[in-house]
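In the two complexes below, chain A is the common chain; its partner is chain B in one and chain C in the other.
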Partner chain A sequence: MIAEAGLAALWFAAALALLQLVLAAIGVRRSAADRAEPAGAHLQSVDPSIGSTRTRVEDFLAAVRPVAVVQGALVIFAMLLLIAVFVRSDMSVRLVAEDSSAAKPLIYKIAGAWGNHEGSMLLWVTILGLAGAAVALFERTLDRRTLVATLGAQAAIALGFYAFLLFSSNPFARLSPAPADGQGLNPLLQDPGLAFHPPTLYIGYVGISVAFSFAVGAMLTRDVGPAFARAMRPWVLGAWIFLTIGITAGSYWAYYELGWGGWWFWDPVENASLMPWLAATALLHSVTVLATRDGLRAWTIMLAVVAFSMSMVGTFLVRSGILTSVHAFAIDPKRGAFILALLVIYIGGALALFGARVGTIRQGNTFEPVSREGALVVNNLLLSVILGIVLIGTLYPIIAAAFGTQLSVGHPFFDSTAGPIALVLVALMAVGPLLRWRRDRVGAGLRRVAIPAAVSLAALVVLLVFAPGIRALPLIGLALGLGVAVASIAPLWGRDLRRTPLFTYGMVVAHLGIAVSLAGMASESAFSRETLVATRIGEAQRVGPYQVTLIGIRPVVGVNWSAIEGVLSVRRGEAAPFLLRPQSRFFSTPPQETNESAIRTALDGQLYTVLGNRDDAGRWQLRLWWKPFVTLIWAGGALVAIGGALSLLGRVRRERRATRREEA
Partner chain B sequence: MKRLMLWLPLAGFALLFAVVASGLFRPSDNLVHSQMVGKQLPKFSLPPMVAGKPGLGSAMFADGKPKLLNVFASWCIPCMAESPQLMALKRQGVAIDAIAVRDTPENIAAFLKRFGDPYERIGDDRQSAVQLALGSSGVPETYVIDGEGRIVEQHIGDIRAEDVPEIVAAVRKAGR
Partner chain C sequence: MKAKHQRLTLALLALAAVIAAALLALSALKDQASFFYAPSDVVKDGLPLGKAVRLGGIVETGSVKHLPDGVSIRFVVTDGQASVPVRFSGIVPDLFREKSGVVAEGQFQPDGSFVATNLLAKHDEKYMPPQVAGAMHKTESLEQ
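Entry: the complex of A and B
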């Protein structure tokens, strides 16, 4: 019954989305007609019983809002019911039988609900519904007519993805006869990381749909200006924070769970999450120009469309299975074709609307090249170029296949193309916040970055002296990271710290996070030490500052796995030794072997150990890495997210105060 | 001019659409094709795998007669599945030689006893050296070799019943 109730909730939600779309469409048209006939509108406003333009839009808004909220509630209800069938291990539901097993710990039963195609698409739609409901409930500053159009656009997107779920990816389909037990969840996914990573990433991924709907709404009503930008900004920020957390957490999860010692693989699925982040980061900066200086109108609209388009393209790439990836998902061309059709409708539609409408939006303010705006434009261009590189690199295997060549594009391409541009971008990040709005003098700007530049230069010299032979990219990365870390705090110099707005702190922390992360990446890439040894019990191995001795091998049993555990005694200098226990785990449903790395985090880096197989001579393979300052990569990511959160808090507070003042 | 620029994003998306649609509707080819197709067999000489059957060397392929070269192993399940097709090819007069990969004489003898023996010669390639030289990425794989010892075609994976006529035709063609 639970599964049927879930399916019914989905159908109801789809029907409400349709209703929401129709109501919004009529609302926008009617009010447009009213605006087009000012004389009529004038007459109407004389007689309050007929209602003015303003009240008419208010009427439609009053009707659309609850529909959006109930639609969101229904789809959340459906998601909860799916989790319920997973928790109950109801094997008569096909999805549970295929991806779960009764013996799994509770947390993985819950996470299993989105560890598969249908469930993750339901999660996708759930967050879309949630975002729509949140806009309906909390958006107070946006122009009423644009808000109605925005909710209509959000409903239009939801409708397509409901159709996808209901017609080709029903998560609640039954299986008859029901098997005694399920086939189990991929062991790599049985990790606490999975419980939180996809929902977080999806909130960002799909949350950015709000920006898309705002842009479509604004193009329909031709109302693009600072007020629109201020209304859109918190939504973009919110989604962007979650995207940042999702990507950072996903990177760390891959790092410790896959046992390969790497933190970013330029895998198509990683790129699919990076592309919306790049676009959203660009959008975040351009929306600030629009809000503060009323510039970059068309460009901001474009970016809002592109950001969510990248989410949808990413979903398509991941879900259609047209790219080979370490993320093995079900390959089904029919489903791919369905999502592709949705892409054509939404992205094609929005871009056509852009072509037709954006020309009629008045041009905003202009500015001098050397100014805060100028720096933000360059930031946007560089981010767009990186986005383009990642997109082309990700799709290139498909293009090459069309010409009969098989190839894969990996880190050599991305490192050598996106890497240098990213370094230029980070360098610019040091300068941008120190420039004035509208117009600045080159000399004055240079003076303000003199200290950070000196720090970078000093770091460069020190590195060249003490670490000769370091490769160019990590060398520049380290030097730049230090300089930019100093520069990112510079906007606070000479300011009254108590009166500095919270969003300025947000910017400082986020930029500092980027610098910290860059330093971590560069240090990991330049100074990592790796050894792969075959060792007997009792033999000591050296890696970096550590001495690692295998002192024993013992069997371990978990809830649904058994493992061989290596007990390593690790010493660093004169300090007391500690134990690390890397495991080689065997899962029975489905049968698979995974390596559980054991990691020791010190202040200056991580020791990463992986236990391999036993060879014929009775020696054990041991893989050891010493990765100096590698943790900075994720610490930086966390700082970026915290900076975003501070910004969001600051912006929302200020808007609240402004609204209250208006009302008073 | 400016108006046209505004349609550029849509044009870009159309291009993106064309790329992914082409990828979607032409299923990707995940097989690893050998770079050796069209070239002379690499030089090799393998000892016999089982008693009473000669080993295999590259020189034996230059006798003017086209042959099949089957790369197989007793531990490989698709190899068991394709054995009836190999027997059918043998009955149609196709000469088949084989390379047994990472295997032992006892296991191969048991395999031949159970699934039939379509082979004229079997070379013992315990370290997969010749397999790698052939550009073969797995078992089973079957190569069509012409009378001069040139690799004409590569069949990746087990030979299904529907593949048999095609392979017979390829061997005939290589003989001309």
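Entry: the complex of A and C
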């Protein structure tokens, strides 16, 4: 019964989304017609049944708002019901039978609800419904017509997802006869970090699509200006924060769970989350120009379209199976075709609307090339170039596979193309915030970056003298990271720290985070040490500053796995030894083996240990890494997210104060 | 700067950036075109020296030898027509077996052997990157 109720809730929600779209479309139409004939308006105003434009729009808004809220509530209800069938391990539901098993811990039963294609699509539309309800309830400052158009755009996006769920990916489909137990969730995914990784990314994707809905609304009502940008900005910022958290957490998960010691693999699934982040980063910066200086109008709208397209590509490519297996299309061509059609409709529609309306967007304020705006334009351009490279590198193997050629694009490609451009972008990030808005002098700008530049140069010399033989990219990365860290704090120099707005702190912290993360990446790449040995129990091995001794091997049993655990006694210098316990885990449903690394975090880096197999002579394979300052990579990511949160808080507070002042 | 000019300049800059990205990416991709080799490809096309490639095929029966250092193995990858000796140091994946498919990542040596830095054995394809799944697919067709 639960599954049927869930399906019914989905159908109702879809019907409401259609209603929302129709109401919004009529509302925007009618009020546009009223506006278009102001000359006749005074004649008609004799007729009391036709109110003024304002009340008409208010009427439609009053109708659309509750529809959006109820739609959100229904789809949340459907998602809760799906989680309920997973928690009850109802094996008569196909999705549960395929992706869950009764013996799984509760948290992974819940996470299992979105650990598959259909469930993750339902989660997506759930978050969208929640966001739609939030826009309908809390957006107060935006022009009424634009708000109605925005809610209409959201309904249009949601409809595509409802159609996809109901016609080709029904998460509530039954299985008859029901099996005794399910096939289980991939053991690699049975990890607390990963259980909440997809929802985080999805909140980011959905946030971007809400920002895009605002852009569509503004385009439809020809209202592209600072007011619209201020309404859109919190959504862009929020989405960007969640994407940052999602990417950072995903990177750390891949690092400790896969047992390869790497932190980024340029895997298509990773790229699918990186591309929306790059686009959102560009959008975040240009929307600030639009909100505060009323410049870059069409530019910002275009970036919103691009960011939305990337979040669609990210959403569909990851879970659709196009990326995870080349065979997916052959297995379910209907679903693949559906996804392609949706992508074409969404992205094509967005571009077509942009093309049709770009002429109506009036030119905003202009600026000199050497100015804060100029730097932000270059930031946007470089981010777009990196985005283009990642997009081509990710899609090329798929397109080539369609023509029967298998090829692989990995580290060498991305490192050599996107790497140097990213370094230029980071260098620019040091300069941009130190330039004035509208117009600045080159000499003055250069003087302001003199100290950071000197720091970078000094770091370069020190590295060349004391650590010769570092490769070019890590070398530049380390030197640049230091200089940019100094430069990112520079906007606070000479300011009254108590009166500096919160969003300025946000910018400083986020930029500092990028510098910290860059330094961590460069340090990991330049200074990592690896030891791969077969060791007898009692033998000591060295890696970096550590001495690692295997003191025992013992069996361990978990809820749905059994493991062999190596007990390592680790010493560093004269300090007291501590124990690390890397495991080789065996899962039975589905049958798979995973290596659970054991990691020790010190202030200056991480010791990373993996247990391998036993050889014929009774020795155990150990893989040990010493990775100096590798933690800075994720600490930097966390700083970026915190910076975003500070900025969001600062903006929301200022907006609120401004509205209160207006009302007073 | 005139308003009209600025908008045009920005549009041209954006166009230039997109074209630059495409050209850069496509020129870099040219080098990646040939990446996967079966043993008989090497006989046919010669050794691809000095670049990271993937070698795929079947692990020949009785060819797996453990070396005395305890972490290295030697084995032979075959596709029925030709075979390549492979050396690998590291933790061998769970599903690596004789008579079963394998994809080795690494470099060919001038003597015709292959030094692998990573082994991909047949795996749950559900969460496999497409290139790997594609390479595994190729080795599967060798198995039949």
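Following the convention adopted for this analysis, the second predicted complex is superposed on the first by the 634 of 664 C-alpha atoms of A that agree within 3 Å, B and C clash if a C-alpha of one lies under 4 Å from a C-alpha of the other, contacts with A are read in each partner's own complex, and residues count from 1 in each chain.
Everything that follows uses one rule, which is that a contact is a pair of C-beta atoms (placed from the backbone, for glycine too) under 8 Å apart; a residue touches a chain by one contact, two chains touch by 3 or more.
Given the structure is predicted, the values throughout are model-derived calculations rather than measurements.
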Combined model on chain A where chain B meets chain C, clash or fit: clash
Touching partner for A:351 - first (chain B), second (chain C), both, neither: first
Partner chain in contact with A:613 - chain B first, chain C second, else both or neither: second
Touching partner for A:340 - first (chain B), second (chain C), both, neither: first
Partner chain in contact with A:446 - chain B first, chain C second, else both or neither: neither
Of chain C and chain B, partner touching more chain A residues: C
Partner chain(s) touched by A:621 [first = chain B, second = chain C, both, neither]: second
Chain B versus chain C as contact partner of A:398, first or second or both or neither: both
Which superposed partner A:268 touches (first chain B, second chain C, both, neither): second
Which superposed partner A:595 touches (first chain B, second chain C, both, neither): second
Chain C collision site on chain B, chosen from 3-11, 57-65 or 129-137, when both complexes are overlaid on chain A: 129-137
Common interface residues of chain A - those touching chain B in one complex and chain C in the other: 298, 302, 322-324, 398, 401, 406
Residue ranges of chain B in contact with chain A within the complex: 2-3, 6-7, 9-10, 13-14, 16-17, 19-30, 33
Residues on chain C engaged by chain A in the complex (per definition of touch): 1-4, 6-7, 10, 13-14, 17-18, 20-22, 24-26, 28-29, 31-36, 52, 54, 66, 69-71, 89-92, 94, 124-135, 137-138
Complex contact set, residues of chain A against chain C: 186, 188-189, 267-269, 296, 298-299, 302, 322-327, 363, 366-368, 377, 381-382, 384-389, 392-393, 396-398, 401, 405-410, 412-413, 416-417, 532-535, 590, 592-593, 595, 610, 612-613, 615-617, 619, 621, 623
Of chain A, residues touching chain B in the complex: 298, 302, 305-306, 309, 313, 316-317, 320, 322-324, 333, 336-337, 340, 343-344, 347-348, 351-352, 354-355, 358-359, 391, 395, 398-399, 401-402, 406
